[in-house]
Structure formats: C-alpha cells, structure tokens
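Next, two complexes with chain A in common: one pairs it with chain B, the other with chain C.
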Partner chain A sequence: MKQSNSFNWFLLVLQRDLIMAFRKSATYLTPLIFFLVVITFFPLALGPQQSLLSALAPGVIWISALLASLLAVEGIFSEDQRDGTLDQYFLSNEPAFLLVFAKVLCHWLVCGAPILLASIFGSMILYLPDGVLIPLLFSLFMGTFFMSLLGALGAALSLGKSAILSAVIVLPFSIPTLLMGTAIMASAINGQDYSGYLSIMGAMLAIGIPGLCILTVEAILLSYE
Partner chain B sequence: MNKLWSSFKSWLIAMGSPPLFYRWASAFLPWLGVLAIITFMLGLFWGLGFAPTDYKQGDVYRIIFIHVPSAILGQSIYLMMAVFGFISMVWRAKIAGMLLIAAAPIGAGFTLIALVTGSIWGKPTWGTWWVWDARLTSTLILFFLYMTIIALHSSIENKTKADRTISILAVLGITIVPIIKKSVDWWQTLHQPSTFSLTSAPSMTPDMYQPLLLCVLGFYLIFIFMLTNGLRAEIISRERHKNWVKKQFLNKEIG
Partner chain C sequence: MSYILKAKNLNCSRSGNLIFQDLNFDIHQGETVEVIGSNGSGKTSFLRLLLGFIPEYEGLINWSGNSESIQVADQKKSCFYQGHQTGVKPLLTVFENLKFSSSGFFSSTELIHHVAEKVGIHNYLQKPTSVLSAGQKKRVAIARWLLKDFDLYLIDEPFTALDDDGFELIKNIIQELTQKGSSFLITGHRTSGLDAQQLPLDELRS
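Let's turn to the complex of A and B:
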C-alpha cells in the first residue's frame, strides 16, 4: 500500500514539473536551439566538405548533445528551493530518492528527448554515414539520460551558487559516457558489432541511476545544514 | 583482540580532535621535514649523478626520477582523498574533511608536475609534446578532477559544509577513474594504433631502480610533510576563535 502511494507521489511530482516546464517555452527551447546552433557552427567553421563532416558527425553530435543537456541543469532544484517547495518535499515522508529521480526524468523529457529528436536532423545536415542512425539514437538516449543524472548532482552540489558552476563541476565526470558513445559510433561505422559497448553503457546507466540519485540526495541534505 | 581494536579506535577518535592533532603534528613535523629532504636529495643525487646512462635514450631518461614519483603521487593522493571523502561522508569526521581539501592542491601540483615533466621527456624521445595515449589522457583528466574539487570547495563559504560537499565529488571521482582508464584504453585501441607503449615498463637495472625507489619514498615523505603542514594551517584558520588556539599561541608569545 505504502509503495503504491509513493509511486503516485512520484507521478504527481513528475506531472507538476512537466506542466511547469512546458508552460515556459524557454525551458525546452533553449537546449534545443543551443544544440542546433552548435551543430550548424561546425560546417561553418570547418568548411562544407562532405567527407570531412561525415567523419566528424558522430563526435560533433555527441559533444553538442552533452553540452546542450547540461544547459538547463541549474534549474532542476534551484527554482523549488527558492519558493520553498524543496523544503516541503524533504519534510514529507516520501522517499527523497524518488523525488530526485522524478526531477531527473523530467529534465530528460524536457531537455534530452527534444535533443534526441533534433539529432536526427543533425545527422542529416552533417552527412552521418548511412545505417548508423539507430546506434546514434540508442547511445545518445543513454548518454543524455546520464547527463541529466550527472547534471542533477551538479545542481545539488552547487545549490544557490552560480549556474555555470553546476555544469562545470560535472563535465569531467561525463568523459566515460562520451568515450563509450564514441566507441559505439566508431564500431557501428566500421560495421562491427557494437552491442558490447551498448551493454556496458547500459550497465553504467543502471549503476548510475541509484548511485547518483543517492549522492544527489546527500548533496541536497548538505545544503540544509 | 577486541580490546586492542577498541583501544585503537578510541586512539583514532582522539587523534581526530583538532587540538590533539595539532600538538602531535607540531612535535613530529620538523623531524619529518628533515627526513623527507634527506631521502629526496639522496635519491635525486644518486639518480642524477651516479645511476648509469641509458643506452638508448642517453641522459634524457634521468627525468624519470622526477616524473615517475610525481605521477605515482598524483594518483595515490586521489585515492587517499576518496578514502577520506568516504570517511567524512559516513562518519562526518572533521579532520577527514580538512585532510581532503589540504591534499587537493598538493595532488593537483604533483599531477601537473607529472604532466609537464612527461611532455618534456616526450619531446626528445617521441618527437612530440603530447600523445593521446591512455595514460596521458587519464592523467590529464585526473588533473581536471582535482581542479573541479578545488573550485567547488572555494565556492562554498562554510568550510565544514564545503568539505562534505567535495567529499561527494571525491567519492564519485574514484568510481569514475578506473572507468576512464578502461574506456580510454578501448577508445585509443579503436581510433589509433598505440605508437608508444607506456604500460610495459622497460626492465631496469637495479642501479636505476634503487634511486628511483628512493625518490618515490622521498616524494611520499614530502607529501606527508606538506599535508600535515597544510592541515595544521587549516586547523588554525578554522578554529581561530576557539579557546585552545588562543591559549596555545598566547602562551607561546608570552613564554
């Protein structure tokens, strides 16, 4: 009985956050615009040769997606902290772990999912080689979700500090994800089996969801001391 | 056995109290400093002056006596920080948190020395300042981790809170360092054939190995010396309003 109550609570938090996010178009448009503009920058800076762009495409899309999904990270907790909602969440009996996960999921739905869709467009304008769109989407799905998790930790660690700090402190920690993602793309382009790397990335995500959520809860609790 | 353990535990807890640690450290620090300098100098003179010249690299290889110890230190200091971070997170020991931030700049310094001496060594032997080798890359990332920890700590006013905050990053970092190491290996083998193998160390003669070992030991002693000194400064600056600090320094000045 208790479990289902907590789950309902989780859904309510998620629903509230989603409504709040979609009322302000800046929340979901800013990362999307950032992603598309950065992707457009590369052909402008490097020249329009198709062979060059197509070789760089996976890396460019990956880096742009990682940076774009860190863009709105600061707002994950700071809005709620400012108006006292976060205090009420933590005063309630519901598990804080679920709250953090709802926030992460909301951030991914608002920020990561549009980027994922936009990366299809990005892969077209950067001449991504044929047949690797599916691995790109799979790896980007996990990669952006991992970034949302890391971003939530960064936001919690720098609660009440500058917005850029929360993004910067988690950047070095995103390197394994980036490396895994590029490994998936490289083996897909070479026509090799990439399912091994995909599984490792999934395993990282599976450990990361509980692990990073717990650390995030710990970090938020610290800010109340 | 149980009794021994409990007495050890109470000693550990007592050592964790800042005043006691301060007094103990002040007594032991000069001796440690002298020992560290002697060991380091001995190793360095032996290595630079008396170790045989390498038949392939000539005298260039002698930078190893700085490069290898600082690289070892850079990594082991991070490991130590993660351990203390865990202690500070779980048991909230004050001293553990202070150790963490006292160690971070030293670790960053050693990592930077390792990177710089490595690229100075790389120029004549490999012909380039930098290669995207697994070891080099993970050392560079380690340096970034140190920098983020230092930056985050300085952004938080309340120092005790800052310690606990960076302890979270230190713990996260230690789970990520092996992953980085492993994934860089995969990434590198995928993208480029490894031109230089740093991982398989050339078998050394004892004449070269012994001074190197002495240098590593000397670097460790210097690190412990610097860490204890930094910790003393940290303790004094944080507890400057406490009675024992006033007593300690006033007594000294009068007496």
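Let's turn to the complex of A and C:
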C-alpha cells in the first residue's frame, strides 16, 4: 500500500513537471537548438572535407550533447524552491530521492531525448562513418542520462546561488562519461568490440542513479542550513 | 492531555541576531494558535524552525507525545505548511494545481469542484493561475487545505491579500477544520478574532 502510494506520488511529480516543461517552450527548445547550432557550426568553420568531418564527428556530437544537456539544468529545483513547493515536498513524508529521480527523468525526457533524436541529424551533416550510429545512440542515451543526474546534483548544490555555478560544478565530473563515450565510438569505428565499454557505462549509470539521487537530496538539505 | 506539538525553552538567533528566547508553547488537537508579531519579529522563522528547516536553535521541540525526551518523536504528525510563497504553480491551471495537490490520478473531480466552489474559484478552474490576481491565487492555495486531511496546518500570514469575504472565508474554514480535529498554527500582525490561543512574539525579545 505504502509502496504504491510512493509510486503514485513519483508519477504525479513527473507528470506535473512534464506538463509545465511543455507549456514553456524555452525549456525543451533551448537545448535542442543549441545542439543543432553547434553541430552545424563545425562544417561551416572547418570546411566541407568529408574525411576531416567524419574523423571529428563522434567527439563533436558528444561534446555538443553534454554541453546542451546542461542548459536547462539549473531550473530543476530553483523554481520549486522559489515558490515554496520544495518545502511542501520535503514535508510530505514521501521519499525525497524519488522526487529527485522524477526531476532527473523529466529533465532527460525534455532535454536529453530530443538531443538524442537530433544527433541522428548531426551524424548526417558530419558524415559519421557508416554503421556506428547505433553505438552512438546507445552511448549518448546513457551519457545524456548521466548528465541529467550530475546536473541535478549541480543544481542542488548551487540552489540560491548563481545559475552558471551548476555548470561549472558539473562539467569536470562529466569527464569519465565523455571518455567512455568516445572510447565506444573509437572502437566502433575501428570495427572492434565495444560491448565492454558499454557495460562500464551501464555500471556507472547503475551506481549513479541511486548514488547521485541520494547525494542530491543531501545537497538540497544543505541549502536549508 | 496529549499534544500535537510542544516547544520548551526555545531560543533562536540567526547570524548573531536574537529572534526570540525562552519561548514555550503547545498545541493540542483541534486547537488554533495565533503567532502575533510585527514585521521582522520572526514569525516565519518560528514556523520554519518547528518544521526542521532551521537547525540553529536551542530547546526542545516535541511532536505528538507526553514524554520530555529530547528526541523528536517518530510519529511526526502529517502537517501542511504554507509559507509566503504558496507553491501555486503559475503555469498550471487552477484545476491542475488542485489536482496535483490532492491525489493526482486518483483525485476525485467532484471533490475539486466542491472545494473550488467553497472558496469561490470555480469560475476560473480552467484558467492558468498566472492570470489570476494575488487574492485569487491565495484562494487557490486555501482550497488545497481542504483536499486532504492534515493533523496540523502551519500557515504563514493566511489573511494577507484577501478581501473581507476572504477573511470570513478563512475563519470559517479554520473553524470547520478544527471542529473535525485538525489544529492550526497561523501567524499575523494582529489578532484575527478567531477563538485562538495567542502567542505574542514581540514580547519575547527583551
């Protein structure tokens, strides 16, 4: 009974945040347009040589995706804190990490998922080598989700402080994800087996989801002191 | 008689400023306590301290029990806190705000309509809350008191931004809910005329 109540509450937070995110088009359009603009800048700046672009494509797509997925991140908790909703959440006796996970999932659906789709377009204009689109999508899926988790932690740590701070906190911690992602891409392009790297990334995510959610709860509690 | 919330010898100072000292109070089931104080007298700090949002205090806070133990009792009663920021979302319609404050998917539309009619917001249920006036938003916040039963309502300045009708409305709602067994801890600048225990904060700062 208690469990189903908490799950119901989780869906409630998720549904409410999704409705609000899609009522305000800036939340989902800004990361998407930022990603597309950065991706299209590269052929413009480097010239249309297929070999050069093709070699740079995985790295460019990965870095653009990581940066874009940080764009809407500082608003994850600050809005709720400003209008008093966060206080009410913490008094509701529901587990707070479910709240954080709902927020992270909402951020990924609004921000990460569109980027994932747009990276298919990006792979076309950057001449991504044939046959590596699937590993790119798999690794980006996990990478952007991990960025949403890290972003939530950064947003919680910078609650009540300047918005850009969360990006500065989070970016150094995204290095392992970036390394794994580019390792997957390099192996796929060379025709090697990349499943090992994928497993490591999956493991990072498996630890990151509970671990970072709990850390984020603690970070929010810190902001009350 | 068992109390819902009890505070003993409560001292609070934040960043060197004494906010109140030697505050004693208790609140029982069905009771209303009014915290009266001028601007900056620490009414909000007092509510937030009781809820555990402010860790800098000395003294005892006990939830529901008879013991004098220092530890906060496990069976912390369900409470509803409404600060100056009421948590009403401007991007959602009035109906959605009420729906997400009750039980979401399982919330009864009938209850929401009934409650909205009671506080006089049923004509704009489908309007986004951002287009409402300050008083109307306050009424949306008040409607949420009636959606679920709570043991204790901690309401920071419920009477601001409301017209005379709204003033009477809140008084009636508080009376109705306390008769059902809920307790109210409200703040204000002057007494509201409710049948309530008064807690003047200004006198505690000598």
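The working rule: the second predicted complex is superposed on the first by the 225 of 225 C-alpha atoms of A that agree within 3 Å, B and C clash if a C-alpha of one lies under 4 Å from a C-alpha of the other, contacts with A are read in each partner's own complex, and residues count from 1 in each chain.
One rule holds for everything that comes next: a residue touches a chain if its C-beta (ideal position, glycine included) is under 8 Å from a C-beta of that chain, and two chains touch if they have at least 3 such contacts.
Since we're looking at a predicted model, the values are computed, not measured.
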item	value
Touching partner for A:134 - first (chain B), second (chain C), both, neither	neither
Touched partner set for A:225, first chain B, second chain C, both or neither	both
Which superposed partner A:20 touches (first chain B, second chain C, both, neither)	second
Touching partner for A:46 - first (chain B), second (chain C), both, neither	neither
Touching partner for A:11 - first (chain B), second (chain C), both, neither	second
Of chain C and chain B, partner touching more chain A residues	B
First, second, both or neither for A:180, with chain B first and chain C second	first
Chain B versus chain C as contact partner of A:117, first or second or both or neither	neither
First (chain B), second (chain C), both or neither touched by A:206	neither
Residues on chain A lying within both footprints (that of chain B and that of chain C)	225
Residues of chain B that touch chain A when the two form their complex	89, 141, 144-145, 148, 151-152, 155-156, 161, 164-165, 168-169, 171-173, 175-176, 179-180, 183-184, 186-187, 190-191
Contacting residues of chain A [partner chain C, same complex]	8-9, 11-12, 15-16, 19-20, 23-24, 82-85, 87-88, 91, 93, 224-225
Contact set on chain A toward chain B in their complex	153, 157-158, 161-162, 165, 168-169, 171-173, 175-176, 179-180, 182-183, 186-187, 197, 204, 211-212, 215, 218-219, 222-223, 225
Contact footprint of chain A on chain C as seen in their complex	51, 53-55, 76, 78-89, 91-92, 96, 100, 103-106
